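Next, two complexes with chain A in common: one pairs it with chain B, the other with chain C.
Presenting the complex of A and B:
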């Protein structure tokens, strides 16, 4: 993973530090001011109870040190753990679904044929569109009164789901959002797979063919192992994306977090995944708790990325 | 196989197609599924008014009067026949109240008094007051101003009409066994036809300007509707319009040009500066040797995992302290330290063969020359990619730009400006979608232009992961 420096080996001199520093300083200054300091500030806030948004120009005017109280509250909050569970479900759906679709598209469009260029560009284009805009459009498509998807569902016989509206059904909300996001993001994975496929040496496939390997064997024994770096990349970016998934939930549940559902005696919301839960707390001006949540999430994210890495194997 | 690909393709493009179509739709119709304009419409009764036409049954002649007044408690009609210089004695009848607030009366008349080719006067008296001419037909008011004068033409009238229960149907009474004439007065030049119960459509040719007539011969009682055929222009105009775009471009309180320029400035400068910082930083991490290189890089990478929301309030208080509210730098600078961009740049630069640097050094290139003449040209694809990605994310950045601009800021960007079409209770979807079309336009143009670099850069950065 780590790229080795190309030249100059041996002891690092002060002069080299200075030379590198010149390149790094602009980035690091902005990073430290606008990301590094806010992280520490957030951690500091996470140890406080900050509830009253009294003065616009002095947001943190009323802080009360509470130690690890916020963290204790989070870990015993069923809503938080529910949001974590939902995040995992969402990550699983988007990563697996997205990978299958983008790999299928890449395999289908790998040959250079007329019109394929347009198809590839077309599959990719939705990627660059604003998530809020796309979310709102899907909201319209899923609308029970005249939304296109609802129309298709009722034509396909799922009248009940169509009349209720897919996004109003607690069990379908998150899959429906995941479905929309898979379609939106499939082009990204497709491009990565396409280039990776092009880089596989053609002679490997020829050899497999000579040995009489079935297409299925070729796919699982040759193609997929060759694509492992991309799969790892997509799994990690997918995890990070799911942990940060806010825009799509916000847009497609109309900022509510989805309809309510009863689980183990608790009233929980069907699409309140972690990032959205964080937003809700934030929106309630519970900055201390929101900050604490983000650090718990960071811990989870670090662990998952590490596991991802271990399971899927070190590459390069 | 190919059908499946095309099907998925359509599904992937669906949101965009839907957006464009919605942007052209008439206000309030965003959720209607009928997209194909209909050139035949069933006309509402008021438009064609088959009432107030005299009708005949077998051996009798009936006048049908109708008057709309929801307030009145009684309406009386007075009528007389014959030429103006020698009218018959005026007769009167009380109108009955229909459910919908209309008053009506069917009055049988003596055929010997009322001939068909004749002048015929009538007027109404409401609540017993002073008689007034028919307010619906002011152009037919007599010179004295107190009667409505109708010149009745033709020889037979077989059609009588009552408003049916569902609004756009009429009940027809025609004489037993006898034929009838359907007669409708409407705008000239239309194409009209009548659907008579189960019977086939009867086209009504225009007999004189605005008068449509046809004979038909059903027996007994039947229902009919009048079907009007109209041109495509009118049909399309009923469903689609350019008004949404006009509202966005030409509204006084929605300064589109200003918002668009602000977005353009913010996204462009954010893109350029991010590329600059990340290229410099990525170069250092890829090529240079320095203390704590790997730990620093790991910390930077780990920061990507933190949900971005949590930076928002501390960043806001920093911007506040720097006095950067309502300023371009307040919108641009906080997002310049793009770690993902740094990562992309480092991956890309670390793939450049070391020989390239060595050769340049042997040629006596200075550090600056090396960077400018070797690194930048080789990195153009990934720089274009990063520019595009940053441009896109800052172009559509909504929350932050909402926060750093107060309500009266002249630097409001397009996504923030478009919010004004989102109402408290109802959203003006058609206008929002028209705005979305505009906001997606520059991104599409940029993507199509930079597509080649983009795909090249993206893959090179990631494959080597």
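Presenting the complex of A and C:
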């Protein structure tokens, strides 16, 4: 009897699986055409090289097969590794800074007080602006000749930095861009934190208060653990966003990748993060190298995801 | 919805989509029997496009009358900066036009990629001009040369100049007038701009008023805007040896002098920091009367005039006499030394658009006739007198009516002293990856040695561009030169 039931369950599962598979076919076809094949073809391109004599009308057909040479060149290219380092630095600044500001705004505006609705809307508003619009606004703010930030630096005594211009100082370029993006995106994190805070049972806070917990203890022992899913979500989307960050760099460095800096004898650009570096290669028709860069970046993204997954797994 | 239609609907959608795409392509390729068609992609401004369309309509009529066949010329507007990317994408589908007006610096890339028709091998060209040299004599030499590309040791003409520009000095007469007394006290004439770079700094010291945010000069730092300095100091950037190998030609006395001159201007205190990122860039600063002098091109005249500025245009300052003597620099126009004095050593770059015929054109000879018609003396006279454009054909310069555009002769004079941009593939890489980062350091760090800059630029130029060109030479073992 038991064996019959088991067999029946198995047959039903198989039929269900087949039906599910059939339902998936349209999606799989779309997936293979628009994602699977392009990914495979990109990898194929990454094993080739466009030459200056490649036929303009058959650029992919006239590429040279170079095997893994593009990967060898990338991994020995200081500009590429510099771009990866900058990407991590940018990710750290935007993710940590963005979370702190978003959380601070959410905690400050969580109560239903008069005027808070307008403030919430105001803080969220930059998030809907196009990144190039925000970039141009910040270019004006950072203008060494009369820009608001430069004026504030002058008033604060940092005259030399103000005259040089924040975006013209190679050590300040990336933090300045990150700062602008933190302010732009903080509203989105604030909304997520507000929703999450509203879902925390008020009795937990009351119990903590009865037990004599300090505000600091309440924040670190109760609020932050309760907000963990949102923090993880913001960390993951922030990492992906940093790997794809392009518009803000393009807009705020006049499409140059930032002012120059010498590191270990190499002249490098202070905001040439990975996505911008990839764009520069693609833009000069170096499709093979650009495809190889994208696969190396994919590898890096997978490693980061794996680390995230491990941390999540341990915690849960 | 039945189960079958549920499963089939996505496929039906894609089938319809595919059919729609196919029928669209088919419709666009339909050609009337016996009639000729030409498709032109151009990136002129709106009012220029209107005049160009009219001229092409006139060409249609004249051609039909002469050949007894119908001709339809279709003129499409493609934004100037988007032309090359659009051609690159369209070429993958084989949908490029017959004629495209491309940025002159892109002709080399297109020619090396076999995208263009060799004009000097066309029957219509041979019939009209005979040889390339004979054709060159009729055009502004530097503009014409932008269409000549040496591909694997063989030079051909791949395009005709259809719009030519150059960079000149713009100076704000009102600012000069306001400081007339101080200028005179310093022994300077307030009614004219400086003639050499040392004099520019002298003028700048008087005109600069830091408290008001007014500076004597606003400087660009990109390679394109620095070519005038390179040209007047005799810096070639790239040279070719007897075997045809491309070699970097920056690390020499001329290169050092040019870069030192750029640094001196930036550090003189009269330059407003216009080269810095997020700063008021030269054109905006000039428009807002913050920079008394800038170097820019004719495309800004209308903006400045509409802004109500009282400005004039002059030759770019020349190297000081001491530099001319030390480097033994020849004048750019020996015949003008008596008339211009030291300004005969002034120079500039040549920009603009080159008309090329794409290799997929079904009627390259008719396309060449259209290009030749537009660049003819009569059309160029109209082009200049109606729009203030610089005629590309020298015959149109004679007795040209410039009453509506008094600045035009100034640009034309500057053009006579100018040189073409070096013929080099991947100009964007040269500018963005090689030159601009180095000049950025040069201007930022007073202790950054010019020699280090020159060595870095030569090394990168060799490694990223020239080495790849040279790999393709027959004596280098053949094979294609890798680009990326």
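In the analysis below, the second predicted complex is superposed on the first by the 264 of 316 C-alpha atoms of A that agree within 3 Å, B and C clash if a C-alpha of one lies under 4 Å from a C-alpha of the other, contacts with A are read in each partner's own complex, and residues count from 1 in each chain.
FYI, contacts are C-beta pairs under 8 Å (C-beta built on N, C-alpha and C of every residue); 3 or more make two chains touch, one makes a residue touch a chain.
Here the structure is a predicted model, which is why all the values come from computation and not from measurement.
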*Counting only touches as set out at the top, which of chain B and chain C does A:96 meet: first, second, both, neither?*
neither
On the A-aligned overlay, A:143 touches which partner chain: chain B = first, chain C = second, or both, or neither? both
Which partner chains sit in contact with A:121 here, chain B, chain C, both or neither? Use first/second/both/neither. first
Does chain B (first) or chain C (second) touch A:26, or do both, or does neither? both
Can A:208 be said to touch chain B (first), chain C (second), both, or neither? neither
- With the two structures laid over each other on chain A, which partner does A:301 touch: chain B (first), chain C (second), both, or neither? first
Winner on chain A touched-residue count between chain B and chain C: chain B
| said: So in the superposed three-chain picture, is A:290 touching just chain B, just chain C, both, or none of them (first/second/both/neither)? | reply: both
*Who does A:108 touch here: chain B (first), chain C (second), both, or neither?*
first
Shared chain A footprint, chain B vs chain C, residue numbers 26, 30, 57, 59-60, 140, 143, 145-147, 287, 290
Chain C partner, complex, touching residues on chain A are 22, 25-26, 29-30, 49-57, 59-60, 64, 66, 139-140, 142-147, 163-168, 170, 173, 252-254, 256-262, 267-269, 280-281, 283-290
As the complex stands, chain A meets chain B at residues 1-9, 12, 16-17, 19-21, 23-24, 26-28, 30-31, 33-39, 41-42, 45, 57, 59-60, 101, 105, 108-109, 119, 121-126, 128-134, 136-138, 140-141, 143, 145-148, 151, 180, 183-184, 186-187, 191-192, 194-196, 199, 229-230, 232-233, 240, 243-244, 246, 274-275, 278-279, 282, 287, 290-291, 294, 297-298, 301-302, 305, 315-316
Given the complex, residues on chain B that touch chain A span 1, 5, 8-9, 11-16, 18-19, 22, 30-33, 276-278, 280-281, 283-291, 293-294, 300, 302-318, 320, 333-337, 339, 342, 346-347, 350-354, 357-358, 367, 388, 392, 395-396, 398, 415, 429, 432-433, 436, 439-440, 443-444, 447-448, 451, 455, 458-459, 462-465
Chain C contacts chain A in the complex at 7, 10-11, 88, 91-92, 94, 96, 109-110, 112-115, 152, 213, 272-273, 276-280, 290, 359-360, 425-426, 428-429, 432-433, 436-438, 440-441, 444, 448, 456, 468-469, 472, 480-484
